[in-house]
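We just call them A, B, C, D, E and F in the order they show up, numbering each chain from 1.
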Amino acid sequence: MTIPLSQRALHELACHFLDEDVGAGDVTTLATIPEQAQGRGRLLAKATLVLAGLDVARAVFQAADGAVRLQNHVQDGAWLAPGTVFAELEGTARALLTAERVALNLLQRLSGIATLTRRYVETVQHTNVRIVDTRKTTPGLRLLEKYAVRVGGGFNHRFGLADGVLIKDNHIAMVGSLTKAVALVRASVSHLHKIEVEVDTLAQLEEALTAGVDAILLDNMTPEQTHDAVQRVRAAPGGESILLETSGGVTLESVRHYAEAGVDLISSGALTHSAAAVDISLELDVAV
Amino acid sequence: MTIPLSQRALHELACHFLDEDVGAGDVTTLATIPEQAQGRGRLLAKATLVLAGLDVARAVFQAADGAVRLQNHVQDGAWLAPGTVFAELEGTARALLTAERVALNLLQRLSGIATLTRRYVETVQHTNVRIVDTRKTTPGLRLLEKYAVRVGGGFNHRFGLADGVLIKDNHIAMVGSLTKAVALVRASVSHLHKIEVEVDTLAQLEEALTAGVDAILLDNMTPEQTHDAVQRVRAAPGGESILLETSGGVTLESVRHYAEAGVDLISSGALTHSAAAVDISLELDVAV
Amino acid sequence: MTIPLSQRALHELACHFLDEDVGAGDVTTLATIPEQAQGRGRLLAKATLVLAGLDVARAVFQAADGAVRLQNHVQDGAWLAPGTVFAELEGTARALLTAERVALNLLQRLSGIATLTRRYVETVQHTNVRIVDTRKTTPGLRLLEKYAVRVGGGFNHRFGLADGVLIKDNHIAMVGSLTKAVALVRASVSHLHKIEVEVDTLAQLEEALTAGVDAILLDNMTPEQTHDAVQRVRAAPGGESILLETSGGVTLESVRHYAEAGVDLISSGALTHSAAAVDISLELDVAV
Amino acid sequence: MTIPLSQRALHELACHFLDEDVGAGDVTTLATIPEQAQGRGRLLAKATLVLAGLDVARAVFQAADGAVRLQNHVQDGAWLAPGTVFAELEGTARALLTAERVALNLLQRLSGIATLTRRYVETVQHTNVRIVDTRKTTPGLRLLEKYAVRVGGGFNHRFGLADGVLIKDNHIAMVGSLTKAVALVRASVSHLHKIEVEVDTLAQLEEALTAGVDAILLDNMTPEQTHDAVQRVRAAPGGESILLETSGGVTLESVRHYAEAGVDLISSGALTHSAAAVDISLELDVAV
Amino acid sequence: MTIPLSQRALHELACHFLDEDVGAGDVTTLATIPEQAQGRGRLLAKATLVLAGLDVARAVFQAADGAVRLQNHVQDGAWLAPGTVFAELEGTARALLTAERVALNLLQRLSGIATLTRRYVETVQHTNVRIVDTRKTTPGLRLLEKYAVRVGGGFNHRFGLADGVLIKDNHIAMVGSLTKAVALVRASVSHLHKIEVEVDTLAQLEEALTAGVDAILLDNMTPEQTHDAVQRVRAAPGGESILLETSGGVTLESVRHYAEAGVDLISSGALTHSAAAVDISLELDVAV
Amino acid sequence: MTIPLSQRALHELACHFLDEDVGAGDVTTLATIPEQAQGRGRLLAKATLVLAGLDVARAVFQAADGAVRLQNHVQDGAWLAPGTVFAELEGTARALLTAERVALNLLQRLSGIATLTRRYVETVQHTNVRIVDTRKTTPGLRLLEKYAVRVGGGFNHRFGLADGVLIKDNHIAMVGSLTKAVALVRASVSHLHKIEVEVDTLAQLEEALTAGVDAILLDNMTPEQTHDAVQRVRAAPGGESILLETSGGVTLESVRHYAEAGVDLISSGALTHSAAAVDISLELDVAV
């Protein structure tokens, strides 16, 4: 699992986040800790969680001081029990103290997303459905949050508006009809992009089948409605190869029912916009 | 209530967030919607919430097209009932469609924080306690999230490591003693900064009182322990003017008990790191 | 036809290009032309060409002075005869003089690409083939050059490595086999992306058909080999819906033969990496 | 021959170009190639060319992964025969695959410019004339393209509007007379800058001689007219030390005649705006 | 003494300053000095001065070439006699020559500030007064100039408008009264910030004492007036703990009198806005 | 007199400087002044000075709020008597208060440079000598400081290392001889750049005359030595047209003697590195 950021881009992001917190200097640490003092630390899980963000945390500490070393004992994606020490740090005491908060803020958020995603994934693992994210990510953190979803076992939907076609209700309303919207898109879209359309009703579903799309997003349907829609599509000519996605109101409780309704993908904005931070802390040792 | 960002800085932030989502272009919208088509939209609450982020949302739409107009019917800080239309939009259909997601992502997050903060504030409004945030904000969004806390009726703790002194357990551990840490800070700190120290035990509390600090953070204490600590401080010479803050494990259920224990400030990381997004949506009209 | 750049991004790009040329100031113009002097100018084609880049040129002049007006008489995409005045300019004489070169450099390059593309497109207009570009664009100018290709009537291949899958010879060589490469991609790729694979031989073509891809790039084949390959694919089960692209050594002379061989797409790096600038000039009037 | 860019500026430029192509990640390579896989490659000329851009190519590969090594066998400026391997690469397979296209785009363009320049230079090497470039470079690539001209044996005209004075027809038209323009410039110009003026006619040439300039650009004259103009200037008092430049419509066929007409410099925009890319490719080996 | 800038931020600042001077290349050095030539240099004081800026100078030379080594013989803060060699340089001759001016510009300015500050500090060392700077720093250099003040033995007032409260005459005039201004600030200010108010008259001083502030800035008073004001404050209830600062028209001649008047802090804009550069030079050796 | 910065570049510089001071917000002003309150202000000279920086100050206030209006009564370059109101401001009270310090910092510095330069210029106005600046400017402010020199009546030497050739002692030492250094430069320098060489002795002066340079910098000579050197050069063949510059140790007292010694240019680093700030203040009115 790789963060799709160059070393330099990750470093710059880490510096940007650290700058936001440190500004004109960590006055408490500068006043109390000598420049040469060395420190050691242990990162530990304080709850049950799927870890995500080790490389990000390392980048943050190294943004504070390039000589900090972060040695991880596990990889991103591991389930950790409360109390597990998953990495050790070594470097100047100042860097460890100054970067601690930003590193933890990121680890806790990304691990929160990975943990929530993993729960969804495990709930539907008896099916072939893919759990996918949405564009409902925190502004500025999309690549990292989508990475955390993959760490959790999920898949990524579009990274942005440029790398995929999804015709939504508002497009259809403005163009006048789903059929016309599909035709317009087909005339200009890259030959490497599939066309997905969002449908709210069975009538729209029929129209989508006729218009000839590659994927259909079933929006805000109950598991039962979803089941019916799936049957309808699979029975249509060419319907076997159409990808079916469901979205809207899926919860950890209901996700199994959607999965068993036969869709290919279940997308959820909550994976990224409402995952609570999970508890991770840093224990520091007196300098040697 | 003002976002502490210049017009230009807010515009740049909005552009940065929009770029993350739009990249090389919103292929679906460009293919379906003519360049000149105009649209109208209504932003509406789909849950009970305290609104926060109107200026941010406006900046995002105007980052897509400077001519978009967002007319708000209420101000940030208002309690909204589900179904309330709180703003209307007018502009090119393309700009409305392309900026929708980023604007909603921000509105939902900031309103989520304001709503949670307001609940804490209302719970303790019979006391003089201030609900304050922490540095546990989303990297890249600190100023906006701290603004949302103020919109919710809370107050801001430090904006970063440079604008206040907080001597924490790790500083004390590395320096050797609380007394020594306070002395080091006093020798170099700006005369406009107060000195706050985090204490975990009554012994540390006594040491802090002797060392002569301006504020004390009571970390991870129960309401009862907090009550005792408050009594202790108030009874000490000069203790009346020392600010007392409690932090750690405060919840909507327990916050009243901490407030009634007599502290001046209650800080909570959950206000920013674990507030769930609240539901807000944009309804768009067919272009006229 | 819209440049997929926000107003602000286009403005910033224009400023960046202008800064490169102007640096610490246009010493000749500053010394000779008074600050208040106004000027008028006419942009004219000095060769037969397809115009591309009006909005870019406008952005460059306005980067020099926001009050410059560029009034165009035609739209991007028009065939112009030598001597045609296609736009008029009005603004401070200093801005017109200082921005002239950068604006012309861009207009000449983009129109050169549009003109060459249009010649390809017109040559194959009796078929359904799409002329498409490649990633062989000038570093820093990809969005603008791909826009010029569309202005010329061509289509765009991938905008970059993130928005489409193309398995090339080097991927296959490193993975060990085309079949394995396709399987690896299928397991992780976004459900909205099709899978295209480059093949050099008929054996690889067969392997691609078996592996089940969405599109096949026939690399460096003669028109005859291309014709055979097309027949082969169309005769295979499911082969009707596979997109066929040819690339490598296509020229204005040979393009017709490739088109008639039955492929869906013909891609050419020369459209962007070797289109010569076309002659466009700016005539300025004495200030009134 | 040195690129006038600091290591860091070259690195940043390389990163900027790579980002343009890679965006949110090279999906094909990430899916097919393991993170640890190593690769080797050979850069080879596929046409007769003057090589330019080795340091730029190295910077691009190292922007993808700082550990990539590019070992060159020749230096920029060497004439290469088709088939010549001029450099070898070693590094992670992912970095080699991901950076390949951008590196080749730059090498092909810069070598194209160097090759064309060299042909001009060799054509006039029996004279003392300097072949010089113009400001008709690709926006964003000026320093690199002017470097390629020097690699080809040419010289650089102004790097931008700030580092030299060239009074052009439009300046003269706006000011009212060449004489007045020269006087205005002389009153403010840095004492280290010479004054060059563009003339289209013999009358202007006489006026320039009287006004007392350091260099004269003979614009759009035939070789015969150029010869006459040279004679005129050399015969004038002080005319021996005036630099004479010719520009406009110079081709590989006509350049010898201009050179023999006795000018000091021949400038050509085509060196940079219309040099076709030369063919260079990268062969990659299966990882060991 | 540490510059409150990360290694990277200092490097970027150095690159920014170097770029301003070097632009498209140091044409003199590139023409005369071979790329491989090595050089050595000695930085020496040419006047009596307090040295400040060693790390900044090192960063500038390393911005030109990362391999340059600067070995310092003393630390920032040392008093140097004229002729003292305080550091030695080793690196490519080009880097040493190209970065020389920018490095010296910074060393001379920062040492000028440190030297002037030290003179003030030594003048009042028989008292407990702190010499503090102001916000009258050079735009773009605040962190460095405030560092130089600390090197000189001074203390820093606010780093900017966000990290401290200072109610000035213009605030009071606009709000209507000092009392009202203090009340407004108290209602919103961070609990970690003290409140300082500027007073011009004894009446305002009384109002400030009544309003209950943490610090008082006595603006533009004579030493005698200052003495009276100090007595007044110290005699008031709670007045012992109020910090007293004097500012305005303090000179090296008068500073002793202000200090002896009993204030806690003396601030001076001249420390940063009018300190003359001190003479430092770089001697370079022929390459070995 | 024009600042050689585009509107946008000046705006960005102003924003950068304002951000440095304002950071996360002007807490005092935000707490005391309502968002809608309007203010008026008067900028006035508090000493005798040559004004410089009106456009810069305007840009700073407008960076705080684009609607602020600054109406100037005089132009940059005017001599002002103490007490002169030279501009009036109107805008939101918050913007005026928040931007005040940065605007004054710039006005005071630039006017300080213009004033000092003017004194030099007026002292030598009975001669034809040009007072010129050096590269000893404040890092980050070069363009503005060089503008202030021109406002003062001075001229600009090189803007940086790229726009002019100046062979200095260190170049000569490293190359081996002045003659060789001149030859190396001549072989590569742009035909629009003159060649200047620094000489310390009469022997070097002779060598420079023989080598054939365009300008000679007489370094650290007394007025008498300068006089002798001028005579020597003027008597040499071609010496009439060689530009002579003197530098080093020139003061307001000695400048007349250097000027009368017959040089063409007198350069002084003190104009920019040691000009003290001149006193300018802003008076604000209660909002109406």
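Definition applied: a contact is a pair of C-beta atoms (placed from the backbone, for glycine too) under 8 Å apart; a residue touches a chain by one contact, two chains touch by 3 or more.
Computed from a predicted model, the values in this text were never measured in an experiment.
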{"item": "Taking each chain's C-alpha mean as its centre, the one farthest from subunit B", "value": "D"}
{"item": "Reference subunit E; chain at largest CA-centroid distance", "value": "C"}
{"item": "Distance between chain centroids, defined by C-alpha means - subunit A, subunit B (Å)", "value": "23"}
{"item": "Subunit A and subunit E: spacing of chain centres that average the CA atoms, whole Å", "value": "46"}
{"item": "For subunit B paired with subunit D, centre-to-centre distance based on mean C-alpha positions, whole Å", "value": "53"}
{"item": "Multi-chain contact sites of subunit A, meaning residues that touch two or more partners", "value": "4, 22-25, 30, 159-160, 162-166, 188, 190, 193"}
{"item": "Of subunit A, residues touching subunit B in the complex", "value": "16-17, 20-33, 37, 39, 93, 97-98, 100-102, 104-106, 108-109, 135-142, 159-168, 170-171, 173-176, 181, 184-185, 187-190, 193, 269, 273-274, 276-277, 284-287"}
{"item": "Interfacial residue positions of subunit C with respect to subunit F in the complex", "value": "15, 18-19, 22, 24-25, 30, 35, 63-66"}
{"item": "Subunit E contact footprint on subunit B (complex, rising order)", "value": "4, 130, 132, 155-159, 162-166, 188, 190-194, 196, 214-215, 243, 245, 264-265"}
{"item": "Subunit F contact footprint on subunit B (complex, rising order)", "value": "2, 4, 6-9, 143, 159-160, 163"}
